[in-house]
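I'd like to ask you about the structure that follows.
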Amino acid sequence: MQAVFSQVAVMGSSGMLLCGLILLWRRGVAAYITAFMWQSGVLAALTAAVGYFGNDPQLYVVAALLFAIKAVAIPRLLRRVAQRFTAGRESAPYVNTATSLVVSGMLVLLAYAAARPLEAIADVPTRAGMPLAMGLLFISLFIIVSRKLAITQVIGFLMLENAIALLAVLATYGVPLIVELGVFLDALMGFLVMQIFLYDIHDTFSTTDVDVLKRLKH
Amino acid sequence: MKATLLFTGLLAPWVFSAALAAALRESTRLAARLTAAAGAVSFGAAAAIWIVVLGGEALLAGPGALFRADALSALVAGCIAAVSGMAMLPWQGVEKGQADADRSRVFRIFGSLFTLSMLVAVTINNVALMWVAIEATTIASAILIPLHRSKASVEASWKYILIGSVGIALAFAGTVLAYFDFVSLLGRRHDALNWTLLMEVAPALHPDVLRLAFVFLLVGYGTKAGLAPMHTWLPDAHSEAPAPLSAMMSGVLLAVAQYAIIRWKAVVDAAGGPAFTNQLLMALGLLSIAIGALSLVRQQNYKRLLAYSSVEHSGLICLGLTFGPAGVFASLLHLLNHALAKSTSFLLAGRVLARYQSADVDRVTGLVRTMPGSGPLFAAGVLALMGLPPFGLFLSEFLLFRAGFTSGHPVATSAALLLAGIGFVGLAGHLARMLHGPAPDGVASGERGWWMLAPLAVSVIVMAALGLLLPDTVARLIGRIAETITI
Amino acid sequence: MNANALVPLFWAMCGGFVLACGGALSPSPRVARGMTAIGSAAGAAAGLWLAILVLAGAGSVSIDIPSVLAAAGGLSFRLDRLGAIFLAVIGGVTIPVAIYGFGYTGGYDGRYSMRWMALQSGAFLLSMSLVVSAANVLTFLLAWELMALSSWFLVITEHDRPETVRGGLWYLSMTHMGVLALLAAFFLLGGDGTGAWTFDALRDGAAGAPPGTRDAIFLLALVGFGSKAGVVPLHVWLPRAHPAAPSHVSALMSAVMVKLGVYGLLRMVLDLLGGGPAWWGVVLVTVGAATALTGVLYALVDDDLKRLLAYSTVENVGLIVLGAGAGFLFLSLGQSTAAALAFAAALLHVVNHAAFKGVLFLGAGSVLHATGVRDINRLGGLVKRTPWTAATFFVGSLSIAALPPFNGFVSEWLLFQSFLPGVASSRASIAVLLTLGVGALALTGGLAAATFVKAFGISFLAMPRSPEAGNAHEAGRAMRAGMAVLAIACPVLALATVPVLSAISGALRGLGGLPVSGTGFHAGATLETPQALARMSPVAIMAVLVSAGTGAWLAMRLVSRGRRRIDDTWGCGRIGQTPRMEYTSTAFAEPLRRIFGELYRPTDDLTVTEQPGSPYHIRAITYRTQLHPWFERGVYGPLMQATTTLASRVRALQSGSINAYLAYIVLVLVVLLGMVIGF
Amino acid sequence: MFDMAGVAVEIGQALLALAMAPALVGFIRWMKARMQNRRGAPIWQPYSELRKLFRKDMVVSRHASWVFHLAPFVIFGSTIVVSLLVPVLVTPLPFNAVADLFAVVYLLLLGTAFLALAGLDTGSAFGGMGSSREMTIAAISEPAIALAILSLALAAGSTNLGEIAARTIARPSSALSPGHVMAFVALFIVMLAETGRLPVDNPATHLELTMIHEAMILEYSGPYLALVEWASWLKLLVFATLAGNLFVPWGLATSLAPAALAVAFATTLAKLVAVAVGVAVLETRVAKLRLFRVPELLAVSFVLGLLAVASSFSVR
């Protein structure tokens, strides 16, 4: 029973990590949105699985909420934004694809090194997935840093929140409900504000490429 | 019962003010007065909390001790209530120039929410909900930055929201790691993330996991506290945001982030001893003082000047935390003094900007002649920031450097002294040129709206009182914090 | 008169100065000026009386107010004899300056706010008198910083002139850097901070401090107090701030505030640290000699009257530090009587310099008030138009040039004498240093005489060189009274050298290893150095000089029967003398500028514009000369250059690209994680 | 120490010096004339000059102020005070108890400063040039004098003229020590500079480029000119006696016995004649130095003073 549970956990987190890597590999924004959608879906499923194995009924509610918001609502909003503004392709990111993949590899290694003390004291079966969650966290940070399109940065930020949610689910079977709700509310509000700003940037600069945002110096 | 009354007195007014501002679409005058009244009530409650906490025990209220106010939260809540109360006054609203009812309505709504979230952050016991409240402050303030639509303000708002959210997300990762450490020791309890419980359990927690968590927490909350090199959002946000918002952000939002750092430093120190956290905080503190002070030397925009001065003072406060109990006392006093001085200076900078229509230091001259009321007060604010007596910052820097030397860090303190000196020269140069010289043509001379200056004059007098007399209530409160925080 | 009877006198002093500050609330500017003058004079009188009582042996005044600023150690005052000497100097100079100020600031009525000036003058005087009576670190530094701030406001009173604001900026920045050094010095002195922060506790703690810390404290004190005193290379603010300030303020700053740097140095290095190794004395002697020579060399060739006086202040501070340095040297060699003499000579020069520098600055202020011109090359003939100013400036010039009947000669003589025992009895290396010290002292004395013959001769004598000088008018009654009091003080101080010197040696008894008992370096009315090395009585010299002079006058009147005829000055028989033919200040100093050419490295440019027709008929010759600014180019230029390049590199950090900003955060995260993994 | 006899002798000695001063200058002029095989004016010519000047009318410049009128008396007075101090016939003098060698130097500096101010007062270019150069030379010669005094004080243990002369008498060997000789030469060079003798300044000319001392007193006439000239001659005598009696003090009377005084008068007269001959020979042999070479001369004197002080270290 425990072995199956840890198998599911590792499978889920490595799936999410793969979705993250897609952002580094592909150039089209549409591909990014689908990758994010799948990642959120896997996260919701994993949360439900942890709820089932760790027999904690609250997690089902969290999984449903997560799926509804992150796998359905946000991708639709993102698609609407993507169609209206972007040229559909990430023009020239600061780091070309080959190097980004190498760097992401290095980051996952760093995650394993950093997560060593976590695994040392964890007694939950899902501990094997924690380094992967940390890895996803670093990779989403790298995405935000290296991509030029504003919408890609937003997606990177959402992935960062997914990574932290994954870490929470794996490490502590989810944070207390009231905190979970608070985090959801913040994530949603944050995304909405970012969306408003995306419209703002498009209206004033008629592009969402972050390079134009270099007027405020020194 | 008394506690819940005080907490509602502290938080409820801002909720009403936000709601009323939203509801009363037309009569902005009434909404403005209500906000001012709300500010006053909230400040009264904060003062009451201050007195009660001084009496001895921490205030607990709400279901499962959700809200808790000990000496530290009383201090920071007091600062927030005072600064926000002053900043949200109707005439301090958005610049008088464009009297646009809709804009000032938006400002009042989200300004009240911004203050509410800050007050909740410092009075909530659960550290995760504290994170949620701080994230809420980012969102509420981000909306207010592009109030005056321009290329620069849009850019500033995007940078603010993105850097702020990424930074604060890391802080949540740290919180999760700490929670994981707690759970793996004592299992899942609903009140696990209460700060008081964490402090009790801390000696039993695993030091190396908490150290990893503290790295994430420090980088996360450091971004909000304006510590270098995560400070990059601060100058852009302040040079574009309306002056009252910059006053609140620079004055007290940094203080809330420092509050969070202090809370978590106490927990991590209880677990693995202060060596690790002191090392980190000293490095980041010195870096912030260096970058803040050196950026003052050639800065031509006086709003960005005040922003970089915030980075420097934030660095000083973090450096002070590493100098033992005397150092903590000095840095908390510095936090209080800086909140007052910075918010007053920003509000006055707003008035100067409205009159001179230019943020360039070279185009603002003869301030003493053209604005005989705001000029001297602005000078007083900047002189306070430079650390000159009779204002409080001189006293807190005196104590801070004294603690630095006596706690055995002469080299770090001397470096901080030198950098503070460079910052002083930078500020002095710009202030001297702005105050004196002939008034540029096309700038009307004479002060308008003397009664607008009343609250600012009161705050300058309070700063001088803090500098020359250091009232006993303040000294005792901060003394108690220093004992509870440091081990 | 036990000590606590003096306490009300202390509060009376503070009350007087607060009354001066009260001028800020006065209805009219004239009332504000009046309150400033009365308040300052009253406070100063109380201070002077208090100082005299303490010096006369009524013990020390000590007042503690632990409640105010308790967290930082509370306020506590203790006026002992060393502080009393400086308080006497403050009181003595402030009374005439306050009277003078009332007249001088009349000219400011329309232009600057008299209320603000009243507030700042009161604060300035109050903070100065609190600095000398502070007894713990917080009070000292609070008063010190308030003194710096209020004096900055006074310096930039005439803020509509850009160079005033620049001068003020130099002053504020250098003073603050000095305060930072003082902070470090005091806190290092405090050790681990467990003990109290009063001077007594620091004194006991300092004895046990490791030598490395004591040396660091000494150097920091030298930088901190040296920047206030104007020791080379920290003197550059003096010639910039003094000419910019109103003259009565620069009189106060030069005569009194600069001496508080010396007070601080003596208090910390002599009293608290109790002297140190020989190299401390060597450093002070070298720095003192360098300061004296730099000051006088730059004063010599300066054409701006007030900047000339500012450089001469640097020179006199150099002499004082030279004396103190010799004192520390003898202390480290164990010759405590010679050390006592050297310190006494330095302190006597502090007192004397306050008198004659005060009257000189007030005179310069009166010249500025009368003509509006500070450039000596455009003055002249003022002796007939402003006789009072000329007479008082004359007395001041003779005193500062150390010429016999006046007090300058007495303290210069004592400085020479204080070097003699050291040269005679100490190790060869120190003997050579002190011999060069004597050489430097003599050269400074000679050049000072040349400087002030130039300053007085060119500004006041012969014919006016410009219309402004031509129709100058004498200063008002108040200004004349102020100048007269200080001018009279010069010969009086010379005559009263014996009581002043015994008060000074009383103050020095028992400080940091100096002999507890000992004569006041006098036998009856004549000054006598230890082992009767030399005796000199200023009273006798003045008496014989005056009688010889009047004798000659009487003899001449008896012998000569000729009449006097007024005629033109000799112009080689052809042409009458015009003002353009007179020697100007630049010309007067030109020989010495050429002799010390290596030090000045002047860059002269001479442009001759001929008549358009022929090259032989010249329309105009313009001559501009500029001295090589050693300190600005050697010390401060590179320093500021380094800061600005560093600053611009830090500015580049804020490059504008959001990716870079996010990269910084990730970088910090990775670095700190590295530390955790490595920890 | 304040016995009346001593004071009387002291005043007498000062008056004697005053009387001998014109004769000394007359002798030097006569000596130079003879060496240039001219007959030259008799030695007492300066006395008649003084008598003539005291009786003549005085022309005062229109621009002169009270400084111009005060200067002659201060110059004359200060030189008289110095002559009271210098041991012409007898040591130790009562006035020595209240003033020492530094006082002498600074009293002479007082005279020079007043002369320079008087030069500036009339507003003539000559006066300005003279006083500028005079103050330059006075300023540079200060360190040389100071070191000469320092070396004497180290040898004698005090800067008091009385003690210096007494010590040298007591220990004749020290008179020939290298330090003593070098101090003498240093003081001699400074004497030439201070009293305006040839290598530094030409007393006999009124050519504006070369005269320094003469330029300052150009405007004086009648009794004022007499006083100033007399004072400068007395200064020359004072320096000569200083050079003589401090470095070669034998023959000085140490008691007030008339016989001792007579012997002292004879030896002092001899020394003065020797110094005068020396100055005269020097002045005929040497041409006037360019103004900007004078500092080198005074630098030599400074170095000699330094060596004199250094040698006193070794001897100890």
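Each chain gets a letter, A, B, C and D, in the order it is written, and its residues are counted from 1.
We take it that contacts are C-beta pairs under 8 Å (C-beta built on N, C-alpha and C of every residue); 3 or more make two chains touch, one makes a residue touch a chain.
None of these values were measured; they are calculated from a predicted model.
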Which of A-C and C-D has more C-beta contact pairs: C-D
Between subunit C and subunit D, centroid-to-centroid distance (C-alpha), Å: 36
Euclidean distance of C-alpha centroids - subunit A vs subunit D, Å: 101
Whole-Å gap between the CA centroids of subunit B and subunit D: 79
Rounded Å distance, subunit A centre to subunit C centre (Cα mean): 69
Residues of subunit C touching at least two other chains: 651, 654, 658, 662, 669, 673, 676
Sequence positions of subunit B contacting 2 or more other chains: 158-159, 162, 166, 208, 212, 235, 295, 298-299
Touch relationships between chains, expressed as pairs: A-B, A-C, B-C, C-D
Subunit A to subunit C touching residues, read off their complex: 94, 110, 113-114, 116, 141-142, 144-146, 148, 153, 210-211, 213-218
Residues on subunit C engaged by subunit D in the complex (per definition of touch): 380-381, 383-384, 390, 394, 398, 401-404, 409, 412-413, 416-417, 420, 423-424, 428, 431-432, 435, 438-443, 445-447, 449-450, 453-454, 456-458, 460-463, 526, 531-537, 540-541, 544-546, 548-553, 556, 559-571, 577, 579, 581-583, 587-592, 594-595
Partner subunit B, residues of subunit C touching it in the complex: 67-72, 137-138, 141-142, 145-146, 149, 156, 159-160, 162, 165, 168-169, 172-173, 176-177, 180, 183-184, 187-188, 190-193, 643-644, 646-648, 650-651, 653-654, 658, 660-662, 664-665, 667-669, 672-673, 675-676, 679
List of subunit B residues in touch with subunit C within their complex: 158-159, 162-163, 166-167, 170, 208, 211-212, 215-216, 218-219, 222-223, 229-230, 232-233, 235, 276, 279-280, 284, 290-291, 294-295, 297-299, 326, 329, 333, 368, 383, 388-390, 394-395, 398-399, 401-408, 410, 413-414, 417-418, 420-422, 424-426, 428-429, 432-433, 435-438, 468-470, 472, 475, 478-479
Subunit B-touching residues of subunit A, taken from the complex the two chains share: 114, 117-118, 121-124, 137, 141, 144, 150, 153, 157, 160-161, 164, 167-168, 171-173, 175-176, 178-179, 182-183, 185-186, 189-190, 193-194, 196-197, 200-201, 204-205, 213, 215-216, 218
